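As structure tokens, here come the structures.
Each of the next two complexes has chain A plus one other chain: chain B in the first, chain C in the second.
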Partner chain A sequence: MRRGPIVAALTVLGLVSLWEIVVRITNTPEYLVPAPSAIAEHLGSASGLLPAAAITLLEAVSGLLIGASVGLLLAIGITFWGHLEQAVMSIALLVKSTPVIAVAPILTIWMGFGYGPKVVVTALLTFFPVLINAIEGFRSVDRSIHDWARSLDASPSEIFMKIRWPSARPFLFAALKVAAPLAMIGAVVAEWMGASSGLGRHMWVAYANLDMPSLFAAVLVLTMLSAGVYRIVVEIEHRTIRWA
Partner chain B sequence: MRRVLAVLAILVLAASACGDDRGGGELRPVTFMAGFTAQANLPFVGVYVAHDQGYFADRGLDVTIEHSTGGGENLQLLAAGTVDVTTQDAAVLLQRRDDPGIPLVSIGLIGQTGQQAFVALADSGMSDPSDWAGRSVGFKGTPPPDVFAILDAVGLTEDDVELINVGFDPRVLTEGQVDVYPVFKSNEPDLLERQGFEIVMWDAADYGIPTLGLTYVATEDTVASDPEMLEDFMAAVIEGISYASANPDSAIDIVMEYVGPEGDAAHQRFILDTELGDSVSEVTDASGIGWQTAEQWSSLADLLEQYGALAPGTVIEDVFTNEFLPGS
Partner chain C sequence: MTAPELYFRAVTKRYSTPRVTALEKVDLEIGAGSITAVIGVSGSGKSTLLRLAGGLDQPTEGEIVIGGRNPQEMRQSKGIGWMSQHPALLPWRTAAENIKLAQTINPQPEREMTPPGELLAMVGLEDFGDAYPSTLSGGMQQRVSLARTLAVGGSLWLMDEPFAALDELKRDALADEMLGLWEASRPTVVWVTHHITEAVKLADEIVVLTPSPGTIASRFPIDLERPRDETSPAFQMIVRRARSILRESPAVSGFEATG
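Up next, the complex of A and B:
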């Protein structure tokens, strides 16, 4: 039997118990720090959390798919046409360095109050790690293998499909493992800036009302969703790359 | 001998003066947290001016000024005892006293009418809230009772409009994403008009709806345990507000030290002028700036209860006190 999961579970249980005991002994008011039992109680009774989580998940996954696709396409473009690299990377760095909270209101002005701005914010946050890792992956091909393929008169597209793409897949999954939890945060931040539904909206209202059990419950749901999305990426990686 | 006695008398007087810690002795540390970032909201200005002009020091207080991001952490820090006095919107004070039960007390009501109103572009053709029918009406975060009360006042219901959470950027109004936008009276109207947009504004108070604005807040514990400090604090800030009312240009110079060089002094002046106008009422005409009555608070509580924003049972007498205000 593997001891790792047991040790991890016991550690988490110990920390949560300590948290509960400290809050109870110090008689800390719920609006400052809620006890885990209060959060659990809220989690059990808050019927609005599940629909909110579904909306945030939808926005996050949509944004991740768009962001990852854009990052991947740009990396492919740079691989085939190297002279694009400087221009693409300059723009990518500019986007990456721009604080999301500065962009989100402008996106709302352009796109309205629906899901659009949230998906775009998530895509903006997630495309960069995919772009960087994909470029590295496509370039990580052993030079001798590349030269051997060229000597056999393989076309650039054949080299890409048969050699570069397989070599880049571990890099892509590494990027997705970073981008997936980031997508959840992106969706929540975008909702926090103004939304009528979603976990970010739930958190905003809870925070404004100093309803800390509700806020922590939403954070817990977000954490579990992030872990779930990460786990799905790992599973796909294991199924598509034999040695992973 | 006379010379020796005179010197002794001077020394005794000097020693007694030093012994009065409300004068020039060791200053008492107090932490004030403004309920938002630095700007010319009148309760903030009262503190900035009192600090700058030495009104706190004159009363033996060494006030540290902090600023909240506006997310409500000022109330948490007040409850935790990290902050001694903060500011809060009167309606939020009632709500947070009720749930989650923070023992907040208003010790000086500076906004005698509410901070918020609703605006539309002048060329929208709307002149009265009855024109909101079939339009989108924005709110920030959660729909305030004011919006339902205004709809009621003109014979509309929530179903007659589309309520949208619009966030805090008024450009959604100018770019046509929403027809009616919620504003802080002392802020967005100035920003919109400076951008060249004419607006029409509706204030809930104009429809007989009870509203109140920003108030200085302490906890029940501090009210009970440290009344001298609160009395000195309030005397100093009321003096600061009086100074700002008489010398607005000078007050804005002081405000800009907190706002920073990136701030816009003309906009800060708009905030100050608007809030000075809202700081007076029949109550303050009779008793002075900051005074408040049970009738004002119970009218607001009734409104919040009517629209489901507050549970019934608020004990109004526990919500506020005038005992620390000059003239009490």
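Up next, the complex of A and C:
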């Protein structure tokens, strides 16, 4: 049996126990630092937290899919038509450099409090790492492999589909491992800027009411969701890339 | 597929970045079904010569004719077997899948292809069809690469220092295997090498290039019977001759005169 996960679980359990003990001994008020037991109680009471998490997850995954697709398509375009690179990268860098916190309110005014602005913010956050890694991945093919394929008169589409695309897969998974947790952050930040539902909205309401157990519970759920989507990407990577 | 003759007619190749003339008015004819070793110091245009023959680069001046066709036509008909110093295997494909890929790219339905398993058996790797390249040694990877060169059934093999990254024992063993495979189908082979002994052991003719720009300094046939005894006086005499021609070249520092 592997000892690593057991040690990690015991460490977390130890820290949570210490937190509980310190809060109880020092009699710290709940509106400052709630005890883990109070957070757990809040989680168990199902006070709309799980539906909110589902909405945030849906926004994050939708934004990630759109952002990753846009990044990938742009990278494919640059790979086939190199002269597009400067124009695409200039715009991409401009979008990347614009703080999402500044864009989110504008999008909320334009698109309302619903699903749309959250998906757009998430897509804006996630397309860049996919774009950069995909370009790098498509270009990572060794020159000797490229020469060999050309000696067989492989067409550009054959070189792309049979060599560049599979060669880029580790780079794409590296990008998704960065982009997936980023998507969760993007969705929550956009919800903070104005939303009728979602984890961000739940946090905002808890913050306004100084409901610290609820706020901590929402943070915990968000953390677990981010770790979960990261883990899913890693699992897919392990199943897809067997040669490494 | 009948082995073609290969002609370079007044071939010059200039590159713009960096601005350099790699080859200058090279005239060369290579006999059908022969092995020609091309040697020269670093920067003498050996690899350029091979890339031009393979249609991977275009000559600035002059023309290249391979059995009545140009290099592009040879590529289109998958008439070229290309092998470089790096095995150039795709890491996500097994040994057999790498070989299969060579047969499925630019498919030639009219040509009968040898199954990958048989090709691997020819290079002594019949038990490694399902192995990924990362699990194979450098020598085994080059064997797979050699099997892949055979896979398309090309009549012109262009080999750019294919065994240079291997140790001497593996290099000798693979050179012997290559020779056996060449004798089975007798393609025309152009073999670029830094290794004089290897050139004398394998080739029917040696072509020596001068350094930048590359021109033909000398060419001479090797009339020794195969298999060749490296310790024989005749063999050693040819090695010394090739080495002395290279030493007379203006820049010998890049040459590994280890043969």
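Operating definition for what follows: the second predicted complex is superposed on the first by the 241 of 244 C-alpha atoms of A that agree within 3 Å, B and C clash if a C-alpha of one lies under 4 Å from a C-alpha of the other, contacts with A are read in each partner's own complex, and residues count from 1 in each chain.
Assume contacts are C-beta pairs under 8 Å (C-beta built on N, C-alpha and C of every residue); 3 or more make two chains touch, one makes a residue touch a chain.
Quick caveat, the model's predicted, so the values are computed rather than measured.
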Side-by-side fit of chain B and chain C on chain A, or clash: fit
If we overlay the two complexes on their shared chain A, which of chain B and chain C does A:Phe113 touch? Say first, second, both or neither. first
On the A-aligned overlay, A:Asp147 touches which partner chain: chain B = first, chain C = second, or both, or neither? second
On the A-aligned overlay, A:Pro156 touches which partner chain: chain B = first, chain C = second, or both, or neither? neither
Looking at the overlay, does A:Gly44 come into contact with chain B only (first), chain C only (second), both, or neither? neither
Value for angle(chain B, chain A, chain C) over C-alpha centres, in degrees, nearest 10, is 150
First (chain B), second (chain C), both or neither: which does A:Pro166 touch? second
Overlay on A puts the nearest Cα atoms of chain B and chain C apart, in Å, by 50
Which chain A residues contact chain B in one complex and chain C in the other? none
Residue numbers on chain B that touch chain A, as the complex places them: 71-72, 75-76, 79-80, 95-96, 99-102, 141-142, 164-169, 171-172, 175, 177-178
Residues of chain C that touch chain A when the two form their complex: 51, 54-56, 72, 75-76, 78, 80-82, 84-86, 88, 90-93, 101-102, 104-106, 132-134, 152, 158
Chain C touches which residues of chain A in the complex? 142, 144-145, 147-155, 158, 162-163, 166-167, 169, 241-244
Can you name the residues of chain A that touch chain B in the complex? 29-32, 105, 108-110, 112-113, 193-196, 201, 204-205, 207-212
